[in-house]
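For reference, chains read A, B, C and D in written order, and residue numbers begin at 1 within each chain.
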């Protein structure tokens, strides 16, 4: 896994990934925002989006996906979403409580997807690539 | 409800395999089977939210666990007081199960819950054009602080994993 | 009753694994099984025979739903369980790099 | 209402710290100190308003819903006592870490985890719902596991892993107990549970849940049979983290939770009190015995924590107003003194490069800003007369005698003497020049570290003044009243809801 993930997988995998990525992301977002009427919600949608990101990373390699989403971007996304979440819970109520149906799932989805993606990078890829230098 | 008992027996069998098998990868596959059984049990117990959640969580933790175990193994060995410790643990567990079984007399029988607090949610929800998914509306409205805690736990894990994955922890030249 | 009991048997198996096994990964698996069992126990105590899932419909009144509160609680508990699992695996990976073993009895630099 | 700020400020600080991770470190330091300072001021204001409030209880309803279906944040006398203590210690630890954590890379990760832990502790103290308490406990615990491993050295990882395993098993017990409670009472609100239990009487399920909670929270509080992880975790962690863990974390997650659940919800029965007394005595003796012969100062301080926590639990088990007073004074005193001891041990390690007792000498001459705080805090914990620890132990011993347990009083006095004995060696190292002088090369002192230690030492020295009637009335008597009221907690909370 580690050798291929540095350069990315074969042409077929890359093409299929390009075709399916949009659908997986769309499904994750659908699950996120459909949570108030049907099973689903921010967390489940977030995990699906995270798996889509992991999918891209496995297909195209670590460098390509990190070029798309740099560590700085990931950090900014996660912190902003967390602050938004905090705001959504402790803002003035009850007049604004109904806006939470949009804010809370969205921010939870971002926290979960970015967070799990970061954990995946930290646990699965970095230790192996680091081992050579030690 | 015979389905849930069959599923539970399946989960117990899978858990025993996961605990007792020597090969670590098989053990991880075993806990994957337990997780899938749990997901199906949630579906049978009319909790579709949890079934979805359990499925995606299971996939993620399997990936991470397989990453941790791959090509690493450990021969089985027993130290001096292995038998004594195991037997005392089993005695403790049997005592725990007996006491738990006795205490079932004080809680409702399976399938007849006394839905007190949740009745309030129902009366709240049915009056208004609110969320149809009650579990989601509990998570996002009534018990939103729990959800905040949940997000914070995840946040802590992300920062913590980044923190312990650092290679150079001591600053050069400082001090 | 037997359903509750089976669920607690699952919990005990996890506890046994977490307490008695020497391999770090086995210990993590044991804690995972314990968490699964507790989550399932929450759902079992909220189940109503012939109940419906706690999702209402706009045009009809539904009365016999299962208890939604344990489901919300278990949802949070699953996420916390995932977080604990990730944390333990991250620590285990780093320990393997440092000690070169998963055997908890050999990881005892602190006792000396 | 100021209650939600106990969550908003630390959580917001953690999130914003991640946002400004690459900014100047001084900015992060200032931000951290500012946040903890404002938390402490808010805690003091809350103390005032709790005393002014009817029934001495404040209630904030989150997202606009009332219990039992919504979650409320509740602050009463006991909570606010703990809040002041926790945030006082956190303030000095934050000042200290701005200097001490310079030797580690990625300071922002430390601050983020530190404030998540603080948010978790504060959340445990203000939670009014038992599952909410569990969630906040997990935030604090998970951040603590990572903070112990922050240096990523082999022994830190090992200590963190063992701590994490024990903590996770304990959390599973607690969650199972919560599930049984919900099955029995059909509510998660603490006041609601208290009412339902009072209506149904003592039952088997209650005994099971009590055992599960005692094991779970006892593990978190490092009571005697479950103390093994504490010495590893508290001695391996970076010094400010040890101070936080030993000073406040085990008290908030362990002692406070035990007091709240067993006294306010279950209504402490005679058996529970006897079990608490037994656990307390066991912890006192085992901790003191194990502390003898330790050559690592941090390990010694960690075992001393086990022993001192035993005093608190013993006093809770005796369950008279005087005993509660002793327990609370001891909690406050031990929080500040033990935090200061761990902070000074970090400073000694930083200056002299060692933690071995026989290699340390003449701290008070070489580095007075480290030596005098170490001396005062050690004296306070040993119970040398004018210091706070003496009064706490004296009150506990008096309470034991008064309630007809002279043997317990004897044991408490004996363990007090043992405490003095095992602190004797580290104190001589601090006071006098012993051993090889030439081998020690002193490093340059740091202003932030010295400021934190000296000012916390001032607090330790003036700590006995909390027993003065005026201060005692606002600070401690409310907490004693909460513990004495027992299950009428439910009526007070329901009164505030209406």
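FYI, a residue touches a chain if its C-beta (ideal position, glycine included) is under 8 Å from a C-beta of that chain, and two chains touch if they have at least 3 such contacts.
Since this is a predicted model, take the numbers as computed values, not measurements.
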> Which of the two pairs, B-C or B-D, is linked by more C-beta contacts?
Replying inline: B-C
> In angstrom, rounded to a whole number, how far apart do the mean CA points of chain B and chain C lie?
Replying inline: 2
> If you average the CA atoms of chain C and of chain D, how far apart do the two points sit, in angstrom?
Replying inline: 28
>> Using mean CA coordinates as chain centres, what's the gap between chain A and chain C in Å?
In response: 24
>> Two-or-more-chain contact residues of chain B, please, as numbers and ranges.
In response: 48-49, 53, 57, 60, 64, 67-68, 100, 107-108, 113, 115, 117, 121, 132-133, 139, 141, 143-150, 152-157, 160-162, 164-165
>> By the touch rule stated above, which residues of chain A touch at least two different other chains?
In response: 37-39, 43, 78, 82, 86, 89, 97, 100, 119, 122-123, 127
> If you look at chain D, which of its residues touch at least two other chains?
Replying inline: 7, 11, 15, 18, 62-63, 131, 135, 138, 142, 145-146, 149, 152, 157, 160, 183, 188
>> Chains as vertices, touching pairs as edges: which of line, ring, star, complete or other describes this one?
In response: complete
>> Going by the contact rule set out above, which residues of chain C touch chain D in the complex?
In response: 11, 14-15, 18-19, 24, 27, 31, 34-35, 38, 41-42, 45, 69-70, 73, 76-77, 80, 83-84, 87-88, 91-92, 94-95, 98-99, 107-110
> Inside the complex, what are the residues of chain A that reach chain D?
Replying inline: 72, 75-76, 78-80, 82-83, 86, 89-90, 93-94, 97, 100
>> Applying the document's contact rule, which stretches of chain B touch chain C when the two form their complex?
In response: 1, 4-5, 8-9, 11-12, 15-16, 18-19, 24, 27-28, 30-31, 34-35, 38, 41-42, 45-50, 53-54, 57, 60-61, 64-65, 67-69, 72, 74, 77, 79, 85-86, 89-90, 93, 96-97, 100-101, 104, 107-113, 115, 117-118, 121-122, 125-126, 132-135, 138-139, 143, 146-147, 149-150, 153-154, 156-157, 160-161, 164-165
> Within the complex, which stretch of chain D touches chain C?
Replying inline: 131, 135, 138, 142, 145-146, 149, 152, 154-155, 157-161, 164-165, 168-169, 171-172, 175-176, 179, 182-183, 188, 232, 236
>> If we count contacts the way the header does, which residues on chain C are in touch with chain A in the complex?
In response: 53, 55, 75, 79, 86, 89-90, 93, 97
